[in-house]
Amino acid sequence: MDYTKQIREIATKLFTEEKIDVFVGYRTTGFDENQVPVIITGLEEIPKLIFNDKSVFNLTNYLKQEHTRNKRVGLIVKGCDSRSLNLLLTENQVKREKLFVIGIACEGVCDDEGNKMQHCTECMFPDAVVFDEMVGTTHDARLYQVNADVRELASKSLVERREYFETVFESCIRCNACRHSCPLCYCAKCVIDQETSTLYHGANTTSSAFHALMTWSLHLAGRCVDCRNCESACPMNLPLHLLHKQNESVIYENFQEHMAGVVEGDRGAFYKYSMKDPDDFIM
Amino acid sequence: MARVGVFVCFCGANIADYVDVPMVVEETKKIREVKFAIEYKYMCSDPGQQLIREAIVQHRLTSIVVAACSPRMHEKTFRKALSDAGMNPYLLEVANIREHSSWVHQKDKKAATEKAADLVRMAVAKSIANEQLFEISVPVTKRALVIGGGIAGIQAALDIADARIPVVLVEKSPSIGGKMAQLDETFPTLDCSQCILTPKMVDVASHPYIELIPYSEVIELEGFVGNYKARIKKKASYVNFATCTGCGACWQKCPVKVPNEYNMGIDKRKAIYTPFPQAVPNKPVIDAAYCTMLLKGKCGICAKVCQVGAIDFKMQEEIIEREIGAVVVATGYDLWDPKPYEEYGVGRFKDIITSLEFERMVSANGPTNGLPVRPSDGKIPKNVVFIKCIGSRDEAKGIEYCSKICCMYTTKHTILLHHKVHDSHAYVFYMDIRAAGKGYEEFVKKAQVDTAATYLRGRVSKIYKKEDKLIVRGEDSQIGQVVEVVADLVVLATAVIPPKDNPELARMLGISYDKYGYLSEAHPKLRPVETAKAGIFLAGCTQAPKDIPDTVAQASACAAKVCGLFAGDTMKKDPMISTVNTEFCSGCQNCVQVCPYGAIVTEEVPMGHGSKEMRTVARINEGVCQGCGSCVAVCRSMAISLAGFTDHQIINEIVSI
Amino acid sequence: METIVKDQHVSIEKPEIAAPPDWEPVIIGILCNWCSYAGSDLTGTSRIQYPPNIRIIRVPCTSRVDPWFLIKALQTTADGVLVSGCHPGDCHYITGNYYARRRFLVTKKLLSFIGFHENRIQFSWVSAAEGPKFAKVVAKVTDDIKKLGPLHLYKKENFEK
Amino acid sequence: MKKLTYYPGCSSHGTSEEFDKTVKMVMTSLDVQMEEIPDWNCCGATSAHTLSESLAYALPLRNLVLAEKLDNKTIAIPCASCYQRLKVTKYHMDNNPELALRINTTIVGEGTYTGKVEVKSMLQYCYEEIGLEAIMARVTKPLSGMKLACYYGCLLTRPKAITQFDSPEYPISMDRIVEALGAQATEFDYKTECCGASFSISNTEVVIGLSGKILEMAKESGADAIVVACPLCQSNLDMRQPDIEKHFGKQYHLPVFYFTQLMALAFGADPKELMFNKHIVPVEEALAKIGKVEPGPEKIKKPKKALEAESEVE
C-alpha cells in the first residue's frame, strides 16, 4: 500500500485550486522508516507528504488543534480514522464543509517490524466511510470478530484477569498521553481532572489509574473506533485496546448497534436505547 | 467551613426502640463539620421544629441534617422550618433512619445503630455540598388554547371557560361538532347524538369566555408552559361572518354540487355550504376547490342573492396570534380506509359500505331519510352482514390495536337496522365482543335477543359476487366450518386511526406520538392527560381510541389540569433541575439527544471572553426541565449539573461511608 | 446471546487479605426516587427485615447514575454496589431506565473483565409496590458480597498506607 | 433492443416446457434479448426454507450474484416460485444488513452481492417494462371473441411488502395483457385463491377441492379458458381437471394457457409451435372462439419476428 503519489497529486490540486488552507498528512521521521503527522500550509511542502503502510496515526486528532481550527483542512483518513471523523461530525466538533477528506481503502498498517498490525487483520471497515475522494480499491464486506486479545483474556479465570490488570494499572504513570492522542477526547476539562474527582482519587497511584482508565474507557464505550492512537502514544505500552474492545464486543453483541462511527448521525450505543435490550442481568 | 446541625428523631419508639439514638448523636458529633447535634422525641412536632429554628440562629448553621423518617414523608415539613428561620430550605438533608434502618433491622440494634450513624454521616457529607436553591417561578398567561372542536374540545373548552379562564377554540372545519355530530344514536342508551350535542355547541358559541375560531388551523406554537404563543391560520371562507345572518339563500341558489362530506359522500352539498343544519357557527363558507366564481370567475349568484353583502370573493387567509398558557389537543380520529381488503372486493362492489356510511343512512337527517339502502340499486337490504375488526387487530393489513368502539356501535347498528327494516336479518362476523363499560354488556345481550341477529365468531376470508348478491365466505370458528352468507349489504366496521396530520401537529407542538400517530401521554397510567411537554394536554381519540363517555371524562380532566396550572399568577417550580456550565460544555449535544422533554436547546456563545468567534453550547429551559438527570450522566465533560443531586453531593455520600 | 467473558460464576475471588472474623461488607444502594426508593420505604413500613449492610443513596432516576459513581464506590468505600430503578416502561421520566440499562450492562461486563466478580455490581428493578422484593434483593446482594469477602482491589487506602 | 437476464428454473425443463418456449418466442418478437444466467442453480423452492434459513437464502443469492455479472438491469423469471425465492432473498439482502452480511459470506468465491439487479416475474416484466402499448402493437391475430379468466395464484403478487407489484388480492396486470391481445378478461373473483400447490402429489384431495372451486368460479364468470403465469398452477388446473370433473360430476372443459402462449398466438405464431399438445384439457374448443385459428394442419402466415424466434429456439 503506497499512495504517496496520489496523495501528493490531490494535495497539489487542492492547494492550487485554493480549496484548503492546510493539509494534514504524514511525513517520515527522518531517521527511520516510521512516520509522524505533518501539517503543511502550501505547495512547497508537498514533497514532504508520504502515505504507505507506516502511516499509522489517526489524523483526525489534529482537527481539535489550534492550527487547524477554523481553517479549511485537507485530511487523509483510513477506515478507522474516517469513523472517528464521522463521530466528530455528529458531535458537532468539526464542520464538514471546512474539510476535504481523502478516504483511503486501507490495506492495513504495519508495526515497527513491518508486520501487519493485529487490529488491522480484524478490521471490519477498512474503507473510509466519509470521503470526498477515495484512493485505493475498496473491499468486500467483512464479518465482525471479537478481538483475539479480548477473547484470549476472557477465556482466562477471573483471578488471572485481575492479576493481569493489576499490573496494567500499576504500570500506568497517569501521563494522560492516551487522552491527548485520542481524537474523540475533546472536552474542555476532562472529568478526571475536575475537582470533584481529583478530590478523592489521589495522585499517581494504582487506584487513580484504575479510576482514570475505567472512566475514560466508559466515556469511549460505543465510540472508540480502534485507531489505537492511545496505544502508540502510551509510554508504558499499556494494552489499552483491551478495555475498548471489551466494551465494543459487549455493545455489539447485546444491542445490535452499528459499529462506532459507521453511520453518520449515530452517536453510539449509550445515547439511545431499545426496548429489546437485554434485561436478564437485572434482578 | 460548613457548619452543620444534626437533629436525630426518636419518632417515639419507632426509631428509639431499635436504634440507639444518643449513640448516633455521639458518633455524629465526631464529624468535623458538625457544630451542633441533638436528639428529640418527635422532630416533626412543633417543638421539634422550634429546636431546629433556634439552633440555626444560635449556632450560625449553614446546613441542616434531620435524621428521621423517609424524606418522602417530612422533607417538606422540615424545609418549611428552615424557611421560617430565614434559611434557604434546600440546605436541608434528611437521613432516612426509620424506613431504612430502625424498621428493617429490628433484631439487631447494634447494626441498626451503626447503619443509622452511617446514614447520618452520608447526609452530613451531602449537605456540605448543598447549595442555596430558589423556587423557580414562571409567569403564566391565563388563557387556554383548545385544538379541535369535537366533543372532546367542546367539553374541555366549556369546563375551562366555566372556571372563568379565557379559551381560544380552534376548529379546522367550518363547524364544531366533530364526528359526534354525524352519529345517529349513541350506545348504550340510544339517545340521539344531536340532541345531546347541539346544546353544548350552542353554549360554546355564546360563552363569554370562549373565543371560537372556526375554519382555522394552529400552525405554530412557540414558548414553554405558561408562556406559549400560538399562530393561527384563518382559512379564507369568502363569507364575512360578522355580517352574514345565516339565512341560507346563498347555498339554496348555488348551482355547483359537490359530494357531501357530512353524509360520507352519499348525497351532494353545494359549493357554498354549511356542513349541516345545526352547524355552529351557522354561517356558510365557500369551498374554493369547487366554486366556479373562484375557479373561473363565472357565476357569483350567491353574492347576488345575499341581502347583506356578506360574500367577499377577494377574502384572503389571515394569520392571527394568541398568547396562551396551556394547550388542550383534541384533534379526534379518522376512520381507516378499508381499501387493502381487496379480497372483499372493497372498491369493486358498491354494496360494501363502512359503518359511518351506514350510520349516516340510518340517521333521521341523513341522505336516505333514515333508511338503509343498497348503493348499487337503491333497494332496501334484507340480509345485512356486519364485519368487525376491519383494520383493527390486523397486523398484516391494518393496525395491531383494538379500536375499542366498533363492537358497541355494530351492536347499535344491528338494533337500528332492526328498527328501520323489520323483516331484515343481521349477521355479525366478530373476533371477540368487547363490551367493557357501564351498561355495555347488558346492551349487547339485549340487542342479541331483540334483533335475533346471527353472531358468527370468525374472520371473513372473501366476498364475491353472485348475480346481484354478495356471497360472504368466512369461518364460523365455533363449529369449525367455513360458512357462506348471501348478503344484500355488507357493512365494514373500520378501525379508528389517528388523524393523518397528527405527526406533523406533534412536531409543531413539540410533543411525542406513538408508532401509529396517536399523541403520547406522559405516563400511561398516572399522567394520562398530560404530555411530556409541560402545559400541553390531550383529550379524546387523539391519544387513543375512546368512546364518548371516556372522551368527555378526559376532556374534563384536561380542564382540571389547565385550571390547576392557572391557579396562581405565577407557576412555582421545583428548583431541582439541570443547568449547563457553558465553560465546560463541548457542544456535542448528547444531552439534547437523551432529554425526554426536549428541554435542551443550543445557543451560541463567544469562544472566549470578548472573542468574536462563536461556539455552540447547550442551554436548558428551566420552564421545561423536570430534573431527571439523564443529561447529566451522558455529559462527558460534566458541564451539566442537577441541582440537589450534583456529582459533588453524590460522590460525597459515596466516600463518606 | 453468547457472552465472551467466561467464568463469571466462580464463587469466590482469590482473597488477598483474609476477612477479619467480625467483617461486615459495605454495600452502596443507589435507588431511584420514584420506584425503588419508594419500594424501600414500603419495605420499612411493612417491617420486612433485611441485612443491615446496605447504605442507600437517593437519585431522581437511574438515568442520573453515571457509571463513574460505581467505579468511584468500588475504589473508595464499597464492597459491592446495588443500583435499582423502575421496571422498564414504568420510568417516571419516560425513558431514563432504558438508557441506564445499557450503561449498566457495559459497566458490569467491563468490571468483570478486569477482575471484579460480577456480583460486586448488581442491578434490580423494584417498583414502589415491591417492598418484599426489595428485601429479597438486598438479602441476595449482601449474601453474594459476604461470600466474596472484602474488596481490597484498587482501594485507595491500600496504596496510600 | 432491450436486454434481460433470464432465470428459467427447473420446471422450464420439465412440466412447463411450453412456458419456457413461448417466453423465448414472445421475447424475441418483442425485441428483447434474453441472456440466461450462466451456471444457474436451483432456487431452493419449498424444500430449502423448511430445512435451513441460510440455505434458503444462499441458493437464490448465488443466482443473484451470478446475474449481477451480466450487465442487465432486470432478471425476469417465469416460474412464480423461483421468482418468489429470488425476490424474498433480494428483499432481505437489501433491508436486513445483519442477515446480508451473514449470507454474503456463505457464498464466498462467487462474488459480493451489490443489489444492482432488479428481480421481476415474467408477467411483471411484460406489464411494467414492455408495456401494454408495445404488446398491442405486436398483435397480428387478435384473440377477439375469447373470454379468459386470469388466474394469478398465490405467489406472484404476495406478500405485497416484498413483491411491490400489482394488488395482492385482486391483481389486474394479466387481465390488461390479455385485453391488449384482444381477448376479454372476465370478472373473476378467485384470481388469487390457492390452487393446492404441491399437495397435488402428497394430498391430491386438497387440490381437487381447491382447484375445483377455481374452475367452478372461472366457468361461472363465463370464461372459455383460464390464463396462468405459474407452472404449478397450470399443472394443477389442467392435469387435475379430469379428476375434478369426475369428483364433482361437472363438466368444465377449461383449457389452461400460459399467458405467453396466448401472446405468441396473438403475435401470429403457428399454434403448432405453441405445444398445445402438452395440455391435458383439449384446447380446440376454446381456440375456436377466435375463429380463424385452428391447431390443425392449416398453415398460418407468421410475422417475421415470430419466425426468427422459432429458428432461434430450435
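Think of it as A, B, C and D in the order they're written, each chain with its own count starting at 1.
Here, contacts are C-beta pairs under 8 Å (C-beta built on N, C-alpha and C of every residue); 3 or more make two chains touch, one makes a residue touch a chain.
The model shown is predicted, which means the values in this text are computed figures rather than measured ones.
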| item | value |
| --- | --- |
| Closest chain to global C-alpha mean, per-chain Cα centroids | B |
| Farthest chain (mean CA position) relative to subunit A | D |
| Comparison of A-C and A-D by number of C-beta pairs in contact, larger one | A-C |
| Between subunit A and subunit C, centroid-to-centroid distance (C-alpha), Å | 33 |
| Centre-of-Cα separation between subunit D and subunit A, whole angstrom | 54 |
| Mean-CA-position distance for subunit B and subunit A (Å) | 46 |
| Centre distance in Å when subunit B and subunit C are each reduced to the mean of their C-alpha atoms | 37 |
| Junction residues of subunit A - those touching two or more other chains | 191, 197, 200, 270-272 |
| Touching two or more other chains - residues of subunit C | 72, 76, 95, 99, 103 |
| Pairs of chains in contact (touch as defined earlier), listed by label | A-B, A-C, A-D, B-C, B-D |
| Residue ranges of subunit C in contact with subunit B within the complex | 24, 26, 28, 33, 37-38, 40-41, 43-45, 47-50, 52-53, 55-61, 63-66, 69, 72-73, 76-78, 92-96, 99-100, 103, 135 |
| Contacting residues of subunit D [partner subunit B, same complex] | 167-170, 187, 189-190, 192-193, 217, 220 |
| Subunit A-touching residues of subunit B, taken from the complex the two chains share | 583-590, 593-594, 613, 616, 634, 636-639, 647-648, 651, 655 |
| Of all residues in subunit D, those that touch subunit A in their complex | 98, 100-102, 104-105, 112 |
| Residues of subunit A that touch subunit C when the two form their complex | 146, 150-151, 153-159, 161-166, 169, 191, 197, 200-202, 205-207, 210-211, 214-215, 217-218, 221-222, 242-243, 246-247, 249-251, 253-255, 269-275, 277-279, 281-283 |
